[in-house]
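Note that the chains are named A, B and C in the order they appear, and that numbering of residues resets to 1 at the start of each chain.
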Amino acid sequence: MRRASALVPILYIVFLMLPIYWLLNMSFKTTNEILGGFSPFPREFTLDNYIAIFTDPTWYNGYIDSLIYVAINTVLSVAVALPAAYAFSRYRFLGDKHLFFWLLTNRMAPPAVFALPFLQLYSAIGLFDTHIAVALAHCLFNIPLAVWILEGFMSGVPREIDETAYIDGYSFPKFFVKIFMPLIASGIGVTAFFCFMFSWVEMLLAKTLTSVEAKPIVAVMTRTASTSGYELGLLAAAGVLTIIPGAIVIWFVRNYIAKGFALGRV
Amino acid sequence: MNKTWNNRAWFMVLPVLLLVAFNAVIPLMTVVNYSVQETFGNNLFFFEGVKWFQEVLRSDRFHASLMRQLLFTFLILAIEIPLGVAIALAMPRSGFWVPVCLVLMALPLLIPWNVVGAMWNIFALPDIGLLGYGLNALGFDYNFTRGPLAAWFTVVLMDVWHWTSLVVLLAYAGLRSIPDAYYQAARIDGASPWAVFWYIQLPKMKRVLTIAVLLRFMDSFMIYTEPFVLTGGGPGNTTTFLSIDLVKAALGEFNLGIAAAMSIIYFLMTLLVCWVFYTAMMRGEDQ
Amino acid sequence: MARIEFDRIRHSYEANPQSDADFALKEISMGWDDGGAYALLGPSGCGKTTLLNIISGLLHPTDGHILFDGADVTRAETQARNIAQVFQFPVIYDTMTVRENLAFPLVNRGVEHSEIARRVEETLRIIDLEDKADRRARGLTADEKQKISLGRGLVRNDVNAILFDEPLTVIDPHMKWVLRSKLKELHQRFAFTMIYVTHDQTEALTFADKVVVMYEGQVVQTGTPDELFLKPRHTFVGYFIGSPGMNVLPCSMDGKTAHVGDQAIKLKHGAPTDAGELALGIRPEFITLTSGRKGLPFTVGRVEDIGRFRIVHGDVAGHKVAAMLAEGAEIPAHPRAVFDPANLNLYADSWLVEPQGVAA
């Protein structure tokens, strides 16, 4: 019985790894071998696809551009969400519940609805094709999420701590930075993780809001897929490289994953 | 928890409010604007009232993509939620392998969505993909670019691959928060494993499962990138979900009025469902 | 109902215990009489909960055997042992009503419907929750929830023992008293074996016929409250029970004379020559302060007035000593401490030296 149930997660993980393995497999094959037919592992093992990516500025700039707007977005989202989440977790104020729901609705809004208006909006204010534009646009869904997660973690900190700090003569900003933020450090980590994740994986808005200067890797990949036809090996190698940043980030937060995914509110 | 009434808290919310409003309110107004006007180019617009709304609501195309969307979301929830819970239940509660399992399971969640589409494209190709080649070798006539059923199978399997882990992680977090004493009491009361699941584990997971259903509903309802990259909405229109249809209308055909009206209807639908969930959840929390 | 016996029980949470320190429970052999009310007393982490879980079968001991009425149940599962247990934090089934909660153990055991209804009614009456029988259990207060936990044990008429693991931890102080008297009343009425874990000595002493004191994975003494008070077998018992605890004065022996510092005290018996580190134990209650010539010079420090008693903290030959005086008693100007010889105990390596121990 125990043995049998241990098989379930193992089988599931095998299922998860199969497509990733196949992508890796393809990325080490030559175009000839790929077009030649089915083979379960690369027969003519090659690193050409990776070399092509690291020597072509359009490719590697795509990664750099993506990392830049993801970083801006993560820092911005967490920074503005912190005080807001504190307000929601500690105070009642005029319209608080409506405001909270309104924020959440933006997490629920389909990006497809916003693609065209965003294009016009950011063109009108001259931010089209900049990192800032994508970073700001991703705030639409990342800020509500950040507020939601942080509020959960903050509500878990007893109010007495705030009061004690005030009695001890801490000013609000000093209390917030020196005492409160260390207490919810894991919450902040989890929030940053989520912001990173959703900004990194989003493509529709990132692609719509950029053309040359700030073209993210995800957009470069679609271009390759559509213009140069069947460069599957190159596409696979690019795909493998997009998995790596996520894998690194996840390894850092592995001990918080279980709690973080419950948004601190279990 | 008793919160103090303090309207100055608004100042703390203000940066969030401004940023989100900039991103949400202005574009939404643009959409509303388009949805009631007609344009013939040259930036000339004419007020058209609810014409576009009527057109969208009457069009077979919208009905078809809405039905496909509902079917897809239903399938996703019906498969991923029970599967995710089952996997979470089978996970060990502690030990060296737990973080390793969690990291491996979370991996699909951090892969860019178009890469997920591309990966599954490569994985499912009938001639060189492991899945496609394997199914054909087993005697199935499988080609997701030709057969609607094969396309649906692939899109659903891809989403299960991509998102079940989210349900697993949420459910697992819920399970881990149950104190040992509950399991011990159940053993003393002679409860069967089924009774333990039904009377202890499921009630304690209610909160996280609500979040899981809510997130999976929202995200599957607005799915765009993965099926777009995998099938492009085809064969024919058989995997054209609402978002794909919407982007086709707006950026492909530049049918601004139709696209805008569709957007608003679409948005209101998600909003309605989420509001129902939200109130249910908040009520649960007040108890 | 059954007599429970431990035969050299040891338990370690580690897979391969090497030394004594790896054992959460060091070798224990003892018996629990049928129908007895036992309190299991000791500081946090001394192995109380481990011992409890071994009785209920939630844990299987690393070594040794546990017998119920002579039958070996060491490997038997919880269900087979007919034990009920109430935990520190109330465990209730959230989605069920109070009535369904109480019926649950019976339903699981396939008891007949009419029988379940009858016994649940009876139990509801016993735990005073008749008026809330059809309420959802999750909305109740902590003490009501704890009563439901208890009720799930009482509803089964086959229980060998009911175990309590610090059940009053989360209960309001005024409700603690009510629940405690309720438990005592139920025990007298139904005569089930009751083992009650606590780290609160008042709770243990008011409750139990027999108190089992545990310290670092060992049972250091089992006895009536009086025995624990008058003849602590281990300095820990003397220190842990009583307030303030027993005074312990390191000493050396010369025949039947104990030397504390430069003072000599005549004892009724001596200690074996290889006895290890020796100490005298005397409770504050058995020290009198006199102005006479007898006794040991006592330097007065802090004095506490606690209602009916005065506690005088002071110093005898460089060791801290507390004495308990009656309310309003005068402290002489140059006091000497006189120890009541009948209640003066000698300890070797923290264990009591019995008079017959010398003979042997």
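Assume a residue touches a chain if its C-beta (ideal position, glycine included) is under 8 Å from a C-beta of that chain, and two chains touch if they have at least 3 such contacts.
Being a predicted model, the structure only gives us computed values, none of them experimental.
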* Asked: Chains shared as neighbours by chain A and chain B?
  -> none
* **Relative to chain A, chain with the most remote C-alpha centre** => C
* In terms of C-beta pairs in contact, which two chains are most connected? -> A-B
* Whole-Å distance, chain A centre to chain B centre, using C-alpha means? -> 16
* Asked: chain B to chain C: how many Å between their CA centres?
  -> 56
* Structure fact -> chain B residues touching chain A in their complex are 1, 3-10, 12-13, 15-17, 19-20, 22-24, 26-28, 30-31, 86-87, 89-92, 99, 101-115, 118-120, 122-123, 127-131, 133, 161, 164-166, 168-170, 172-174, 176-177, 207-208, 211, 218, 221-222, 224-225, 229, 242-244, 246-247, 250-251, 256, 259, 263, 266-267, 270-271, 274-275, 278
* To do: Spell out the part of chain A that touches chain B in their complex, as residue ranges.
  => 5-9, 12-13, 15-23, 26, 34-35, 37-38, 40, 76, 80-81, 83-84, 86-88, 90-94, 96, 99, 101, 103-118, 120-121, 136-137, 139-140, 143-144, 147, 155, 159, 197, 200-204, 208, 217-218, 221-222, 225, 232, 235-236, 238-239, 242-243, 245-247, 249-251, 254-255, 257-259, 261-263, 265-266
* Considering the complex alone, what residue numbers of chain B touch chain C? -> 179, 181-182, 184-185, 187-192, 195, 199-200, 203-204, 287
* Structure fact -> In the complex, chain C touches chain B at residues 53, 56-58, 77-79, 83-85, 87-89, 91, 93-96, 104-105, 108-109, 138-139, 149, 152
